[in-house]
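Below is one structure; the comments refer to it alone.
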Amino acid sequence: MSVILKTEKLHVAFSSREFRQTAKIALNSLDLEVNTGEVFGFLGPNGAGKTTTINVLLGFVPPTSGSASLFGIDVRQPIARQRIGYLPEMTYYYKFLTAEELLRFYARIFGLSRTEADTRIDRLLKLVELEPARKRPIKSYSKGMQQRVGLAQALINDPDLLILDEPTSGLDPLGRMKVREIIQRLKNEGKTVFFSSHELGEVETVCDRVSIIHQGELKAIGSVSEVMGQRASLEKAFLDIIGYQLQPAP
Amino acid sequence: MLSSRTFYLLSLALLVLSFGLAAHLEPEFQSWRGSRAQGDIFNVLMGDSRALFANHFYVKADEYYHSGYYPSIFDNRTAFETPHVGEDTGAINSKNHGDEEGFLGPPRDWIDAFGRHFFPDRHTHLDEGGPADDLSGSDNVREILPWLKLSADLDPDNVQTYTVTAYWLRERMHKTAEAEAFLHEGLRNNPESYDILFELGRLYYESYHDTVRARNVWEAAVRKWLKLDPDAQKENKLIFEQITTHLGKLESEAGNYDQAINWLQAAKKVSQTPGAIQQQIDAVKAKMAAPTNTPAALPH
Amino acid sequence: MNTIFALAGVAIKELYRRKDFYVLFIITILICLVMASVNIFNDAKIVRYLKEISLLLIWISSLVIAITTTARQIPAERENRTLLPLLAKPLTRMQLILGKFLGCWIACGLTLLCFYIFFGALAASREHQLPLLNYFQAATLHWFMLGVVVALSLFGSLVFAAPSSNSTICFVFVAGILLVGRHLNQVAVTLAEPGRSITYAIYYAIPHLELFDVRDLIIHNWPLMAWKYFGLAILYALAYMAALLIAACLVFRRKAVN
């Protein structure tokens, strides 16, 4: 199995604008590897550094030190993003475009031919069940529909690596189920999925391996069972690893 | 909570009350002091600044007269202190001096030199054909009319706007009726204006060949000029000279030589070129002395 | 280039799906038609005042469209969070800047085409002539001037925090250049040092947008300008566009996007 995503001693610090305040360390020597074909869950409490890690992988934020690579290419090279799909946590797209126009726009950026783009757009809109609404402007879509458009645009280039930032956030149970199904289908096709989530139940169900990050540091990594250890659930393991002590009931 | 019926009845009552109040106050409003109760929309909206705008549009007419080749506030304007659109009517004292062709001066740098290819670069007058420099387009002077009209609307007290506009309407556009109507409008706004009366007289005399009306109007102009105080008369000698010389010419052509000489002598008193007036007087005297070629009366 | 054209296409779609252009176009038409209906001494051939008013409205409208459309491109992407999914694609920040610029500039060109067609029709209805080459020169110079303004606005959108402040500053800057840019060298001469040097520096540094304002030539039917100077003006505009776009790329490279 080859490594598709790798960070080596990745360190990100944001300098503070306050006088005499030290820089805020978002990631501290993060070492991470994701193998081809696996579904990898990236867990951590709010503010742990999950989104910062994803931002570094996508080239939005330059690392202060260390390195990050996708398919062996430094993440600062735009070509590294040729074979990835990204679904951000908050899905907002050009409100004045229709779903079809949005997908065609992104297809053009990936350099897909017109015919290829048409085929993929039809397939993806069927997959995310937006076929009836393809010609409506996105501003008329519900939250769930916008999330599905987001998923479709993340898949337009048939990516080998899908990076999802809280893909089920804000979705109803039916929507969450559909996202899980899509992730499972991608796994079956041999794609790699790297996603962050707070829904530990989902992570337990779909992930091959998980990692837990807290205060910018990697606290645990391995298969779900390895991370759980002797604990009853992934949630208990998560709380223990991040050092949260449950208060006894009065 | 009001029911909807009560709400509508209350609204109706308020509406009736408002209209009644407005109708009651309207006659009183007319007697209120201040420009809001008088004048037209320009007066109400702009107040005293309308005179500034009027002057701006008068200068705009001159800019159009020059097809856009015109000095800005940064350039040498000594040759444009009296707008040429008025100066060329021959009825206005000109304060112009200096170079009207080269007010820009030589280019100061490469940007200035390059920039001169992008705006009008020659001094032309619309009545002489404008940029094409051919007289075929000499009635293009019509293009100055909107700005003159707007200037007059904004500042009806500016007499010069009426006289200049009427001159161009009559002389170049051959719109004598429109010129007459415009001058009458000017007279309504400026009943004591001898300038407008003079121009009106020219219209009757030169365009309609109506010597009776021309004489009446010019004599009225003289009467109004004579009502001025001595200082004002000293400053407005040119217009008096023009009125009296025109009266002199009119009387001379009508055969009233004594009256013609009287007018010309009045003109000579204020003229800066008395020699030229004297020549006109001499010509009239020569006409008086020449034998008439009337046929002998037939015997009964 | 495909990526740049794709980005440009989105900017163009945004313009014709917003109401700005239609509102300004209709207002321009209405004002011109009202002005055309005014009776001026029963002369139906008077046309130059109408040409001046319509060209003034066209210039104001085009500047409003250029500046407001461009000023909100990057900030709106950031605010609407569409920037992140976009930059997650294999495109560089320079391609994003160039794509936005091209889209806004082409959109301005299309609006100018509509405005100038209306202007030509209005003028021809009274003058009974259509000097196409003159109008072509005027419209092209106008379009290239808008290119400089779009590049300026795009650069400003990366420097200033809010689109409103960027728009205001751009309007003031552009209006200042159009009104007094040509005369700064005359003003400089009247000043003492160091004011004189500063004014001269500003005079040479600013893009002289007033070069592209050939309205007087069109209104008063001056002959066609020499194509040599037309070409040089185009090159002048392209130079400033390039400089501003390079500056924008350099600023954007260092900017955080999240």
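Read from first to last, the chains carry the letters A, B and C; within each, the first residue is number 1.
One rule holds in what follows: contacts are C-beta pairs under 8 Å (C-beta built on N, C-alpha and C of every residue); 3 or more make two chains touch, one makes a residue touch a chain.
All figures in this text were calculated on a predicted structure; none of them were measured in a lab.
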item	value
Where chain B and chain C overlap in contact partners, by chain label	none
Core chain by centroid distance, with centroids computed from Cα atoms only	C
Rounded Å distance, chain A centre to chain C centre (Cα mean)	41
Cα-centroid distance, chain A relative to chain B, in whole angstrom	79
Multi-chain contact residues (two or more partners), chain A	none
Residues on chain C engaged by chain A in the complex (per definition of touch)	2-3, 5-7, 9-10, 13-14, 17-18, 80-82, 84-85, 87-92, 256-258
Interface residues, chain C side, partner chain B - complex	38, 40-43, 45-49, 141, 180, 182-183, 185-187, 189, 203-204, 208, 210-214, 216-217, 219-223, 225-226, 229, 232-233
Complex contacts: residues of chain B adjacent to chain C	64, 67-68, 72, 74-75, 108-109, 111-112, 114-115, 117-120, 130-132, 142-143, 145-147, 149, 169, 173, 175, 178, 182
Residues on chain A engaged by chain C in the complex (per definition of touch)	51, 55, 58-61, 78-82, 84, 86, 88, 90, 92-97, 101, 105-106, 108-111, 150, 153, 163
